[in-house]
Amino acid sequence: MTNGEIRNIVLAVLKGIAPEIEEGELLPDRPLRDQVDLDSMDWLNFLVALHERLAVDIPEADYRKLTTLDTLIDYLVQKHV
Amino acid sequence: MIEFKLPSLGADMDKGKLLEWRVKPGDRVKRGDIVAVVDTSKVAVDVEIWNDGTVHELIAEPGVTIEVGTVIATLLEPGETSEAAEAARRTRPAPAAVPVQAEPAVIAAATAPAPVGERRRVSPVARRRAVEMGVDAEAVAGTGPHGSVTSEDVERAAAAAKAAPPAAAADRQGQMRRAIAAAMSRSKREIPHYYLSERIALQNATLWLQAENARRPVTERVLMAALFLKAIALACEKYPDMNGLCRDGTFAPAASVHVGVAISLRQGGLIAPAIHDVQQKSLTQLMQDLTDLVKRARAGSLRSSEMSDPTITVTNLGDQGVESVFGVIYPPQAALVGFGRVAEQACVVDGGLRIIPAVMASLAADHRVSDGHRGALFLAEIHRLLQQPETL
Amino acid sequence: MTVISYREAMRQALREALSRDQRVFLMGEDVGKYGGTYAVSKGLLEEFGPERIRDTPLSELGFVGAGIGAALGGTRPIVEVMTVNFSLLALDQIVNSAALMRHMSGGQFSVPLVIRMATGAGRQIAAQHSHSLEGWYAHVPGIKVLAPATIEDARGMLWPALADPDPVIIFEHAQLYNLEGECPDAVRVDIASAAVRRAGTQVSLITYGGSLPKAMDAAAQLAAQGVEAEVIDLRVLRPLDTDAIVASVRKTRRAVVVDEGWRTGSLAAEVMARIMEDAFYDLDAPVARVCTEEVPIPYAKHMEEAALPQAGKIVAAAREICGKNLTG
Amino acid sequence: MIAPPPSGPVPFPRDFALRLLADMVRIRRLEEKCAKLYGEGKIRGFLHLYIGEEAVATGAVRAFEAEDNVVATYREHGHALLRGVSMGSIMAEMYGKQEGCSRGRGGSMHLFDAQARFFGGNAIVGGGLPLAVGLALADHMSKTRRVTACFFGEGAMAEGAFHEAMNLAALWKLPVLFCCENNLYAMGTALARSESQTDLCAKAAAFNVPTLKVDGMDVVAVHEAATKAHGHVNGGEGPVFIEFQTYRFRAHSMFDAELYRDKSEVEEWKTRGPIHTYSARLKAQGMLIEEQFLEIDRAANEEVEQAVAFAEAGTWEPVEDLLRDVHTPAGAP
């Protein structure tokens, strides 16, 4: 799975939870949860959806590596291979 | 006088064509004699007569196709004269009506039993059209079998909605706003609120949660909110005056703890549907209920029972980053618990200053039902429960 | 365009096949001297002689097996098994030889055989003579199953069936032999697709063979009650023309399947399963079916009628799934 | 050419001899009435008449004991009547009334009667033979002394069921009496165009089974042969095959134009009619006088009229009972 494909999946899943966001406006290097209104339930649903789409398990301990879109995607690419 | 009718000559024969007569008027015939040849749809067959007698009159003409049972000739009984026969014919009683068999009763198709459970019967295409046309299928009157909602019903509803002012969609938003406003104003008008708050240490809870989630797959991960829900429910069992409904000024404690969870809707607005019997449920079950409830609340497909019967409400604004929240009670409930942000805070523990995760919990309660003293004990119980997360 | 009977149409088809292709021959009980139990082959013995119009002893397994062998041997046999009731004696040959031969032999041998059988009930011929088992044969991969229900299909289906390199079974419902209707002079029909016999918009009546007249009758009654029913004549029971079924159900969003077989494991059940698989999101009501009651066909007239599918039952089933939102 | 009718004294006691005559006349009058009622639409579906073959059922069945089993075919009215199925219940069955011996569900081809151990007509040619083998197997295993007789036409000998049933019965020495009613035509197909080996006894003998060839138009010969064979089978010696050479005077069933045989042949066989040849012998021997014959015939016609009245008065099975008896209800025998 290429970096681009994973990016598309992440954005699709994110849109599923927060339909109102516009991918174009998202700054990939800025904290995601500052740009998108995700409460703890939304965040958990987001991770569960990624787990189902990419068969990747994301332990709570790794949450701090996923603050921005870029770090999240790098994490997933590296984990998914 | 004997009537000789065209006999049925085969299982699938309804009519036949007389080909030729083998007898003529005046001939004497006896049982088993061949009197005619008839063409069935398949083959020419000799036709016998089963009576002795004398041929009187040949009625059917060769070459004519006639129905089985039609009189094709008449005969005189042995010894009967034609004059007597003619006289008898005029006074003959009407032939006995052929007994018509009762129309076989249509065995009624077994009607399906009345729908069980409260999920409305909406046909698959009606559900699909409802989504396409922005109609809430559950709210449409059904004219299909057993009152089910059909695509025609949805299309009719959509047309009716379209005919309504274009602000209909926005109207829904306004409707919700008006409903919240009405509830909140009534609450403030009728319920003498008193407010308490308590800082609750969450070190044990946090550590236990991290260990627990490390052992669980992501799909069964538990959030702190689930611990809060369970703690409230168990505390309500100890302090029933926090969990019940006020009807016409008198308070009735509820048999079970249905916790209304305040959920903010992405396009604005707030609803607080209930999770039922929280006190009996495991944390895993609560997480599943919570996930399902949030999804359905945001998809607009909540069951009516979930909206109407919470016995206490919790609001968890910690996610929005406020330190503490003092809510407004949802009438006719008698209490509302609020949780602020879970964050590292400086606390005095066993005489020493420690940096530990903690949360500000608050209670808004109805002074007609309970006093501050009871409220404080209730909050303390929540605090105590959260120190033993493994018991929740 | 001339008016002929279903029986006459099938006889013309036989005569045409026998005349056009010397490899074709007809074999079965009483097809020659007797002219056929349902008189379909009357006159053929005189015209084509005993070598090509072969009467057989009452040995269904024997002569059906022989038909398979003759097809393997390069001829184009048409075997007439008097009725589906007697074909049970030949089931082993049809299923274990005819249907399997090509696949089992790794594609070396195909069996260009046509088997014709009368089928169905009516006329009080009691349980052992009244079966409708088209569904059994339509279950078996390796054979094609046809159910001509109109004069045109009776006239037109035999030739393409003979041209088919694999075994083809043609079911002729006994109550259709006396059917009369117009038959175009030059008939060319396919043996692959279903046909819309009556267009409609509110419910699809899906049926075949002897039940078609009942479905058309029901459609007429429904029209009088303001319900526009579409009638689908399957024509081919294997392979089922799923596209035609689904296209109709997508349009009408409701379906009643009429099948003279018994409900359990019936052809109707298979049609319903395909509708559920391919048109589930187009359904406004559960698919209904009208089949024969699960009982051996009784002899007494009023009991036989109560057991069999009838237009009245079809109308009732259609009304049930149309619910109240239709006028009338 | 057909052999001349039998002559010579009838070797039976007088009342038994007259009993055989009465039985044949009862069958004849019943079948004639059925033909008439079919023409009037009272009897529907398929109807296969026994006129001309009465001697076989009469001579054979009167050689059996009450507890023997009988399995027949769709041409079964005579066999059922002589096994004790009342004429009224047979007629009601053909009317489709629920007073019929099969509750109106079977019709002419499917008469059943448990008391008379009459295991029914069977409309599938050869269908009854394996059943008869099974009934005999059960008796064999339970050491019950009983003969199971099965009747079938020569047409059935082309069916696999015949060969498989004969082999099993012979192999296991089962008490089965195979009664072949060779009436020369299997529906529309003459014997010579149906069987490579037209000597049916030779064909049956191939199973290492004793065979008898009998003039099926002579009730005396039929009865003697059936009695002998019954003794053999009942003695545990294994199955016997009897070929009764007979002839049906009417069509195979009620819509067959009989193109396959010419009228002269039928007339010729009528000279061998089982009833008039037998009554002639009885008269010649002084066992019967014309008045007695007329009395027998009158009694037979009376029995037929009562049977028709019984059927006419019969009632239709209620439609609600349609699904009854598809399975045996719990606890039923």
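Each chain carries a letter (A, B, C and D) given by its place in the written order, and its residues are counted from 1.
Just so we're on the same page, contacts are C-beta pairs under 8 Å (C-beta built on N, C-alpha and C of every residue); 3 or more make two chains touch, one makes a residue touch a chain.
None of these values were measured; they are calculated from a predicted model.
Among the chains in view, C has its Cα centre nearest the centre of the complete protein Cα set.
Across all inter-chain contacts, the pair with the most C-beta pairs is C-D.
Remark: chain C and chain D have CA centroids separated by 37 Å (rounded to whole angstrom).
Between the Cα centres of chain A and chain D there is a gap of 88 Å. Distance between chain A and chain C, defined via averaged C-alpha coordinates, is recorded as 59 Å.
Residue positions 44-46, 259, 316, 319, 322 of chain D each touch two or more of the other chains. Among the residues of chain B, those in touch with two or more other chains are 11, 42-43, 101, 104-105, 107.
Not a single residue position of chain A touches two or more of the other chains.
Taken pairwise by the contact criterion, the protein chains fit none of the simple patterns, being neither a path, a ring, a star nor fully connected. In summary, the structure contains touching chain pairs A-B, B-C, B-D, C-D. For chain A in complex with chain B, the residues that touch the partner chain are 18-20, 37, 39-41, 44-45, 47-48, 51-52, 57-61. Within the complex formed with chain A, the residues of chain B that make contact are 210, 213-214, 217-219, 221, 223-225, 264, 266-267, 290-291, 294-295, 319-320. Chain D meets chain B in the complex at residues 32, 35-36, 38-41, 44-46, 254-255, 257, 259, 316, 319-320, 322. By the touch rule above, chain D contacts chain C in their complex via residues 44-46, 96-98, 102, 104-107, 109-110, 122-127, 155-156, 158-161, 186-189, 193-195, 256, 259-260, 316-317, 319, 322-323, 326.
Residues 5, 7, 35, 38-39, 42, 123-125, 174-175, 177-178, 253, 280-286, 288, 293, 301-302, 305-306, 310, 312-313, 316-317, 320-325 of chain C touch chain B in their complex.
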